[in-house]
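Please find the structures below.
Next come two complexes built around chain A: one with chain B, the other with chain C.
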Partner chain A sequence: MTRGDVLAIGLAAMLVGVSYARHWKPPVTATRFEVRVAGQVVGRYPLAIDRELMIDGALGLSKLKVENGRVRFAASPCRNKVCVHSGWLSHGGEAAACLPNRVSITLAGDAGSGVDAVSF
Partner chain B sequence: MAAAPPTADREDRLVAGFAALAIVIHVIEAGFPSPVPGVKPGLANVVTLIVLVRYSLRLALWVALLRVLVGSLLVGSFLAPGFWLSLCGAGASLAALALGTAWSRTVPALRLSPLGLSVLSALAHMAGQFAVAYGVFVPHPGLLRLLPPLLTAALLFGLATGGAAQAILRHLPPVPSDDTVRPPTARAP
Partner chain C sequence: MFLRRLLVGLGLAALFAWLALRQPPGTDPRLVEREFLAMGTIISASLYLDPGQPRDAGEAALRDLEDFLRAYEARWSAWGTGALGQLNQALARGETVTIPPALQPLFSRAAALSAASGGRFDVRIGRLVELWGFHDETRFRSEPPTADAVAAAVHALQAAPPLDAAAHSYGPARAVWLDFGAIAKGDATDLAIERLRSAGFAHAIVNLGGNLRVAGRRGDRPWRIGVRHPRVDAQHRVLASLETSGDEAVVTSGDYERYFEFEGRRYHHLLDPHSGYPATGLQAVTVVAADGALADAASTALFVAGPLAWRETARALGIDQAFVVEADGRIVVTAALARRIRFADDSMPQTVP
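Right, the complex of A and B next:
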């Protein structure tokens, strides 16, 4: 390795560092979420207020829990509990759904949702 | 051409041989799955580097451009987005190599070894590719968030391919200076 190499690699590492400083953002933190039943929006709630919500779905009541800026399905009348296993959601663009009960929640941040996928 | 200097023929064979080698590496590499689009080791660049160091920038240019063209034909991405990304990446990386060699010539005290050249060309490759991806194909600000990890990968893979090129160069015999000695890759009938 020559001194020129050290210089070049140092500059390259600096460039990478600058790119992190300028473009690296943590995933957008969501500020509110939307609840839908059978595709219809039944309510929009802020994530800032801790509470429990009971949403009446096709099978019965789905319990949503809002805590520390996060939201999750706490209980559901469905069989597989996929919604409950989705766990806590806190980033814009995240979503969880209980298909049997036809209840879904979608999170949104102030900065809009992040990228789902990039393909080229 | 009859009027061409005798070295032209030998150069053609060199280009053909090294390009073939680079194309094989390119195609094999294209078969590997990648966790993030745009990230791959770029092992074919080892060939470009070796040609650059042992012969000339002009030959390295030919080898790289032929590799991109024929590689895309074989992989089936000719004129598809991936091809343009590859071409612009190769163009930027060759420009970096040209600048790097010019730098080494003008400032011998700080000359670059294949390692430094490889890092510069890898970053230029990624930057060129990204500029096209962002400017032409996906002008979404979300794409910029991919830039830091992509550049990190480019830096690491640039170091890796540069190291590989250096290791190979150490084991290669000196460049034959006369026309009668043919490179091993062009020996087949």
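Right, the complex of A and C next:
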């Protein structure tokens, strides 16, 4: 092995280490989510399929957006948009709700690896 | 040399094959869950059945719990027509009110915690909450109230009689509207866990909008609790995780829970009873304690105390496990909690005694 080989191998190993640290995520990512209106489940959807969903709530339609394994409230007919502020959800146990419109979403993932509940 | 390479290669191949092919564990038949909207938030309850415990008994217990919590909500709703709502209306008429026996224990608890927290937690805060519009999630304000209105509400609050832990009556206090919003969810988790336990379910999580109370274990492992990152983005969802030991409460108060923005400033629901304005200096506070009512009231009091006084306030309330996220994102954690909590890798928490 020449000094160049050692350097190349060293750099490659470093790259592996850096990408591992930067990109590896523990497997708590959710795989599906449930939508409820006034506590009743109205649908279960996979997070793997990008789409927009219109959910009919107490005040009108809440728009949910599913993208890259995440879901969020994109719009809702409430005043302060707490639901929209909640942003993207992607981990098991996470939840968001539009209380005025009585629409809530909850994420479910791998039962064995994630957290059982989230304090927020 | 060749053999070693072969072994390493085969080992790596086996590792990647295993990573790619491992099955996600399916749903656990001993886990029973129920979720509903009540008390102005999302409530979820989970039971982990003992071997042989019938699943439908668990489901029935959680249905019963939902009814129980709805009744609790009616009783403690400050602007409703239940017991506390009626009390508030009587106070507004200038009457001295007798505290009903069903409300007495939490009244006494709130009075004691309010005194211990130096008034940073104060259930007499209802008029101020109303002024800011945080009492009704369907009708938030979009701009702060005027400085004069805030000053008048603070003055009225300071002039009002304090709650007495030993008293069975309160008033007259025309200016006071009682709001147990900073303790009732925690108290409700305590009662819920008690109720489930007496129905024979020793392993449970009750999560009232992020106010958690945990009991027992999830089969052969402890329950795992995550704490939400106060400024979520793609990389930062869960700030910390904690394996619970037996029976305890985990409560977080944050400036992201209920807020509106006006002219680039965030106005959140954690009001400082002394200034009348949303407390500043922290993004979030998480408290771990033996009971939910204490953890709930303490998380509010610590948030209001801010970066300089939260540790001392925690001591005054008998809390030794807590962490705060300061306005710049820096995390400070007590030594007792640092020993058992796991923070996200890039968060670099500072430990204080």
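Everything below uses one rule, namely that the second predicted complex is superposed on the first by the 85 of 120 C-alpha atoms of A that agree within 3 Å, B and C clash if a C-alpha of one lies under 4 Å from a C-alpha of the other, contacts with A are read in each partner's own complex, and residues count from 1 in each chain.
Note that contacts are C-beta pairs under 8 Å (C-beta built on N, C-alpha and C of every residue); 3 or more make two chains touch, one makes a residue touch a chain.
Since the structure is predicted, the reported quantities are computational estimates derived from the model, not experimental observations.
Touch criterion met: A:Arg36 reaches chain C, while chain B stays clear of it.
In the superposition on chain A, A:Asp5 makes contact with chain B only, not with chain C. By the touch criterion stated above, A:Val16 is placed in contact with chain B alone, chain C being left untouched.
When the two structures are aligned on the shared chain, A:Ser62 is found in touch with neither chain B nor chain C. In the superposed model, A:Ala97 makes contact with chain C only, not with chain B. Residue contacts after overlaying the shared chain place A:Ser76 against neither chain B nor chain C.
Comparing chain C and chain B on the residues of chain A they touch gives the larger count to C. Common to the chain B and chain C interfaces on chain A are residues 114-115, 118-120.
Here chain A touches chain C in the complex through residues 21, 28, 31, 34, 36, 38-39, 78-80, 82, 85, 87-91, 93-95, 97, 99-100, 102, 104, 106, 110-120, going by the rule given at the top. Those residues of chain A whose C-beta lies close enough to touch chain B in the complex are 1-5, 7-9, 12-13, 15-16, 19-20, 23-25, 114-115, 118-120. For chain C in complex with chain A, the residues that touch the partner chain are 24-28, 31, 35-37, 40-42, 44, 46, 137-140, 142, 205, 207, 209-212, 214, 218, 223-228, 232-234, 237-238, 241, 250-252, 254, 256-260, 286, 345. Interface of chain B with chain A (complex): residues 37-38, 81-82, 85, 100, 103-104, 107, 109-113, 115-117, 119-120, 123, 133, 137-138, 140, 142-148, 151-152, 155, 158-159.
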